[in-house]
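What follows is a set of structures to go through.
Heads up, the next two complexes both have chain A, just with different partners, chain B and then chain C.
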Partner chain A sequence: MIILYSFLSVTLLGLIFGVGLSMASKALAVRKDEKVEAVESKLPGINCGACGYAGCSGYAEAIAKEEEEDLTLCSPGGPDVALELAEIMGVEVEISNQRMVAQVFCRGNDERSKTEFVYQGVTDCNAAYLYFGGNKSCKYGCLGLDSCIKVCPVDAIIHDEDGCVWVDKELCISCGKCIDICPTGVMKLIPHEADYIVACNSKDKGAVTRKYCSVGCIGCKMCEKASPEGGYKVDNFLATIDYSMDGEREAASVKCPPKCILSLKGVTVKDEKN
Partner chain B sequence: MTYIAILITFVFISNFVLTQFLGICPFIGVSKNVDSAVGMGFAVTFVMALASIATWAIQHLVLIPLKIEFLQTITFILVIAALVQLVEMVIQKISPPLYKALGIYLPLITTNCAVMGIALIAVRSDFSALESFVAGIAAGFGFLLAIILMSTIREKLDAEWIPKHLRGVPIAFITGGLMALAFMAFDKALINNLFPGL
Partner chain C sequence: MSKLKTFGLGGVHPHDRKSRTNGKPIEDAGIPAVAVIPMSQHLGSPADCTVEVGAKVEEGMPIGKSSGFISANIHSPVTGTVKEIGRVFLPNGTSSQAISIEVEESFSPKSSWKADKNWEELSKEELIDLVADMGIVGLGGATFPLNVKLKVPTGSTVEYLIINGVECEPYLTADHRGMLELTDKIFKGIEILYKIMEPEKVFIGIENNKPDAIKVMSQKASAMSFPTEVVPLKLRYPQGDEKQLIQAVTGREIPSGALPLAIGCIVSNVGTVYSLYEAVVLGKPLIERILTVSGGAIKEPKNLRVRIGTPISELIEKCGGFSEVPEKVVVGGPMMGFAIFDLDTPVTKGTSGILALTLKEVNSSVRTSCLNCGKCIQACPMGLNPTTLFKYIDHQDYDGAKDIGLLDCKECGSCGYTCPAHIPLIHGMKLGKLILRKNQQKQNKVKA
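Up next, the complex of A and B:
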């Protein structure tokens, strides 16, 4: 009798729950918006937050419900994704912005840059920055405590063989998280196609910069003279490159006394100095 | 008074995670940040309350009349799994924001042994329907308390220097062990002192 009861009760319970659940799933089925799903499937799905929404699904929902009109906010996806989104939504988009990548404007490692004190706190740039702007004598440079490396969603930032923090431009999706977290502002966006970069962020006078760093820009304006068409411009004792000008920039790189103008041609992670 | 005693018992004296060591998997797995820990805690509370009352009904309306109490385990598993599925569907239909907050954690709870634990303990303690319900809620709150404490500690641990081999889960287990030691201070004597003659 007991065998029969137990067999029957478990079978019945299982049957009731099974049928109940299958009916419930029909009755309670939630229709998902097809447009949201279509848009979301086109987005990269890495939830980096560069668009300003909480993850890809948030952006997809905003687009599908036509709350968000700008279809080009997804920087990891770039123009390809923007075009696909435009196709789904049936609108035209203007693709104007080229692909940008983040880069560290500093090549000062332990040997090249002087430090003021030994920092033994938490391994975090923002924590170190609270103490007199970091332990480096240069208050504009890279503190090298890996805050950007930790925050990068695609692991594009690494320590290269020089011990400097460097961004692999092929991996970078220009989400801007590293730029937001960096306390010294040494990370900036440059075009993916950029061939040269002035790898310094120091706005101190040349003599001051020279004292604490062997690879810091001293604002000598040699680059302006050597490559007049290259878009070099020295402001506040710091050279910058205007990438809208596409003249040659190599001569300036060779002439530069502290050798802080680096070639990026075909180089992802490499230091050509020394 | 018994309800208050049940509440205190399951939140502090026999806290599911820190005294009975049930439901350790989500306790370690979902305690990396406070937000998700709170979500998980409330989802577990919700399911425990429902499961304890559902299993009480099965026990007293099916198993005892048919004298097949030995089927407790298998039927309770069945009931809890079906219940969680149903709850997930209902929440998704009725309240999408709540589903977004709890949704990913609900399927995880199906196999959480703490839920099974409260069902069996409630039956073994001869609780009435309401007592089972209160015990379910109290056990859930105990879990919530433990996981919130744990997640706040782990958020602080993230900024500390920890030997490399202890980073992540190992230090979390050590932390959990120390917390369990602290919870040993809550003794059954607490109930006797608070409510003499209970």
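Up next, the complex of A and C:
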């Protein structure tokens, strides 16, 4: 009998509280702006921070309240999301349909690139960079201690079979976090469609670079001559590619003495050199 | 005998290894063939270079101009010609613009210096300006510009001036020798500080592994016209740090994030006081400093008076070279110093020692994971939890680390010294602070 009473009374109490709570939640509900919700529902929800706001909801709120006019800040969402946002907000957007991805401009691994001392510190590129710009003789290259790998929200960065740090362009959502964290500035954005890359970042004179790295750009200008329409340009002893030029770039890649111009055609996570 | 004073929390007791040099008088290191003078030798913004390649410079001539509120002037330590203006790595691993000066063959250092004016006739403000002109910075390690420290903001008063003769880093004996050999000059420097700051009392803190210095300094202190007291301290690291020294001497504690002035104290190192004497009484800018060259791999360890900009290799040669291949060459003390890889790195204003350490001294070992032994927590003089801080930083939770006191860490090295798992704790703290600084800069930019 006692069990039955206590059972009933607890059930009754539960019912009363339940009803009370549900009424309270209706009465006291914080009404979320419908527009904010609509905008937020179109964002990818990975909170990468590429837009410059604290997460997707921050960006959504700024757009909905018309504090932020630029609707193209979500790089993971790309043009599709920008168009959807424009529809909700009833405005036009200009879309550049160039998808960009991050890449590491260095192929200097332990065998190819000299070191100056034995590093025994914390496994982190910024920590290593604190002392003499890292233990590599080259102060522009990749230190290979994984700071970018740790911050990438979509695990797009790996050590490839050469032991070099490399971005899988199919996975990269162009959030820029890796570029931000990298102490040497060796990561840069390139178009997703880029066919070649000068995979070096050393601005030292050719003779200096040659001494410390077998795959470093020596600034010899061979590429400019071999593929004059390919957008190659040597500045500060380092070749770069202007991707708005669409001439052929292969001849330069073949002629380049240290072979630092890599083909990216159809390559995601592979080094084409052997 | 009454109990010796010391600070409260944490601390460690490394072997002091000072016996190889503490009996050796200070010697002149001589003049280098080329002096390399970095523009960043102090805390704060680097000095602006004021000379061009090809220019002739003279000993004591200004070649770098203070570039901001916290910055310092830099003078040529030699007479010669500017050969190159480039970049070099400093002993602490950062890079800086630097002027290379080819020293004139006939150059021999000025034997006597004379100030333009008698210092006793100068006002406080004029004295502080003179200190700024002469490029005096703290020589104990922090290299904070002295003139900035001396400008006591209105509303604050200095009760105690504390002279730091602790030299708690193992191996180093330059301050010790200074107190024995340059006693009168150091006290002249103290007099100048007294005139500028008018404290109620002057304390001189010296650890009890230097009984001769305690004796000499006490004798001189009792003859001063203002209250001056030598406080012998119990041997303990990091007693030479401002916060720990103030606590040991006065029993007062600086609140987190505040300056010593908040509790009425100012601390100055004996080496700095000596340079202050030279600057104010003799009109000689900071172009020289005293440092210790020691370590198991040095043939004849010495205390040397060195021109700023001298390559470290020349000092090692002066000490008979290496007796065996060193495992590490460290600039500064073994607790807070930096290992370098290039022996041509120049001596800067902040270089307190050069140590060539043998494999045995380095005691390097394989890093393992944290044993949760709690030794680092016991050792930390700031009452932090180094291993937890390190774990936060290792997992990139820098704000989390900040919340549990990362910014209070003074990188004293006590935690790393005791860690049986050889975890690079201090390096982790430095990384954490670096990233916090970077994030702060980014935020400032977004706001602007």
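What we mean here is this: the second predicted complex is superposed on the first by the 264 of 274 C-alpha atoms of A that agree within 3 Å, B and C clash if a C-alpha of one lies under 4 Å from a C-alpha of the other, contacts with A are read in each partner's own complex, and residues count from 1 in each chain.
Here is the rule we go by: a contact is a pair of C-beta atoms (placed from the backbone, for glycine too) under 8 Å apart; a residue touches a chain by one contact, two chains touch by 3 or more.
Remember, it's a predicted structure, so these values are computed and weren't measured experimentally.
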Clash or fit (per the criteria above) of chain B with chain C on chain A: clash
Touching partner for A:Ile2 - first (chain B), second (chain C), both, neither: first
Chain B versus chain C as contact partner of A:Gly52, first or second or both or neither: second
Partner chain in contact with A:Val122 - chain B first, chain C second, else both or neither: both
Touching partner for A:Ser41 - first (chain B), second (chain C), both, neither: neither
Chain B versus chain C as contact partner of A:Leu13, first or second or both or neither: first
Chain B versus chain C as contact partner of A:Leu21, first or second or both or neither: first
Which superposed partner A:Phe132 touches (first chain B, second chain C, both, neither): second
Clash-bearing segment of chain B, relative to chain C, as chosen among 9-17, 153-161 or 189-197: 153-161
Set of chain A residues, in rising order, touched by both chain B and chain C: 122, 124, 127
Partner chain C, residues of chain A touching it in the complex: 52, 116-117, 120-122, 124, 126-127, 130-133, 150-151, 180
List of chain C residues in touch with chain A within their complex: 89, 93-95, 338-339, 341-342, 364, 394, 396, 424, 427-428, 430-431, 434-435, 442, 446
Touch list for chain A against partner chain B, complex: 2, 5-6, 9-10, 13-14, 17, 20-21, 24-25, 28, 30, 122-124, 127
List of chain B residues in touch with chain A within their complex: 58, 62-63, 66-68, 70-71, 74-75, 78-79, 82, 85-86, 89-90, 92-93, 96, 159-161
